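Handing you a structure now.
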Amino acid sequence: MKCGKAGATMSKPIEPFVHDIRVGWADCDPAMIAFTGRIPYFALESIDAWWEYFVGVNWYELNLDRDIGTPFVHMSLDFRTPVTPRHKLKCQVKLLKVGKSSLRFSVRGSQNGILCFEGEFVTVTVVAKTMRSQPSPPDLREILDLLVTVDE
Amino acid sequence: MKCGKAGATMSKPIEPFVHDIRVGWADCDPAMIAFTGRIPYFALESIDAWWEYFVGVNWYELNLDRDIGTPFVHMSLDFRTPVTPRHKLKCQVKLLKVGKSSLRFSVRGSQNGILCFEGEFVTVTVVAKTMRSQPSPPDLREILDLLVTVDE
Amino acid sequence: MKCGKAGATMSKPIEPFVHDIRVGWADCDPAMIAFTGRIPYFALESIDAWWEYFVGVNWYELNLDRDIGTPFVHMSLDFRTPVTPRHKLKCQVKLLKVGKSSLRFSVRGSQNGILCFEGEFVTVTVVAKTMRSQPSPPDLREILDLLVTVDE
Amino acid sequence: MKCGKAGATMSKPIEPFVHDIRVGWADCDPAMIAFTGRIPYFALESIDAWWEYFVGVNWYELNLDRDIGTPFVHMSLDFRTPVTPRHKLKCQVKLLKVGKSSLRFSVRGSQNGILCFEGEFVTVTVVAKTMRSQPSPPDLREILDLLVTVDE
């Protein structure tokens, strides 16, 4: 299986990628807002969806079908405004940097036009079965390089 | 209800606080390790347990019984070694700084003597019902000041 | 706030309601399938979405804005086929029965046309603040009666 | 690796097994009680702990080290009283029945002496890697037969 969307000529995306999340009752705590621990989940799901959309494989397929894992080595989050079930949570994902065997993403979550959180997330690329660090395979690297966005 | 352990004369704790977590099947993903998103949960649970142990009220009681909330404004985590169900996860919690209406914690999670993750977490103190920022009430402030640990 | 879709004349729905769920890496365990404990979450989210779609308020709004809670007293699930991230999870929700202060739902989850799980869920209606049982308010009862589906 | 506690002569347990769970802020929803979807998690964790205690391997070790999986085919739960963070949740696990390739468990969760929920859970035994049904290996079957409890 190759990465990339079948039959597509990849070109630099113009619009930032936004993943919509339905925030529900289950996500909320007795403060009536989404529990802090749910926010990293939302951000991670959005990065997973970014992979699916741009690379054509989600983490599950990347691990099981291509034996490539991308474990996280760092995350940092600032919480600006509480997240609630009253609006869709729109998570904008950008790939900020492609290193030899690392990737840096930013995720910004907004509801109703108001920034709720923003964070950065760094993964390393590994052989899924052994968890040994490896550079991204060339076909994957080619796609990733194209997807890097300068974060203004 | 007052904070602090009933009948206890508080004195500076000598040993760092360690909260034990049972990592299980439910915490793990197809990479056979605890899912990245679970790590913030483990850290947050440990801070909640820290409150319960030292202040005498957990977040639930603090919010419902004392109308004090401590929402998070920041978290930052570095993942050093994967967490698995093979060992207890020992989470060491330290209160690094007490601001006028903010608290900074560090959490370090280890398994079998090996550091798995470390992170910092900042909360602000609010009136639970209104989510308005407020300084910590004096009786609480007194306890918190006593609990600050210098992180070497 | 009244229940029901604004300006709509409610009539018996012809098509069963289906809620789509994105199953991801975070939902899966080391058996490479969605963890058993996630399935009730999927089913509950689908019932919450059913409320939002048909009644016009989700659980969060029902509790906070109308002071009506619907805690669960029973759930029963049969797991037919594992759920994975390879396909959308389509959850069909039916309201099977409206009692004086109880509701019985069925949820059937399918992926790629194959039934993955089916279950029944019973809630009681309470005053949210006090958790005291109460009959559904008339405007809500009217809508609910209309939505009952005979499960063939 | 063999199942069973090293060096132990297994004999029928006299006391029912009870697994303690710390219910926290993260488990609770805006109704100020543990979210319904968390209850199956608590029950499943308790069964996992039962395996660890009596058989000497938890689900993670059973799957990874012995290539045995025990996916669930059924669960049924009755919710009696809300679960909150005010008390330890004590989950009593009993193995009710050992079939050729199935196991039936009951789990009863109590807080402060009050029954909060009770449920039954059925698993089948499979080869973990292929998910094909298999009878329990003889050494495991021997232990399981010994652990069956009649539920009065």
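General observations
A, B, C and D label the chains in the order they appear, each numbered from 1.
In the analysis below, contacts are C-beta pairs under 8 Å (C-beta built on N, C-alpha and C of every residue); 3 or more make two chains touch, one makes a residue touch a chain.
All values derive from a computational prediction rather than experimental measurement.
Taking A-D and A-B together, the pair of chains sharing more C-beta contacts is A-B.
Centroid analysis (C-alpha atoms only) places A farthest from subunit D. For this pair, subunit A with subunit D, the centres built from the Cα atoms lie 35 Å apart. Work out the mean CA point of subunit A and of subunit B, and you get 27 Å between them.
Residue positions 25-26, 28, 30, 32, 37, 41, 44, 60, 63-64 of subunit B are each in touch with at least two other chains.
For subunit A in complex with subunit C, the residues that touch the partner chain are 22, 24-26, 28, 32, 41, 44-45, 48-49, 58-61, 63-64, 84-86. Residue ranges on subunit B touching subunit C, taken from their complex, read 25-26, 28-30, 32, 35, 37. By the touch rule above, subunit D contacts subunit C in their complex via residues 30-31, 33, 36-37, 40-41, 44, 60, 63-64, 69, 71-79, 82, 128, 131.
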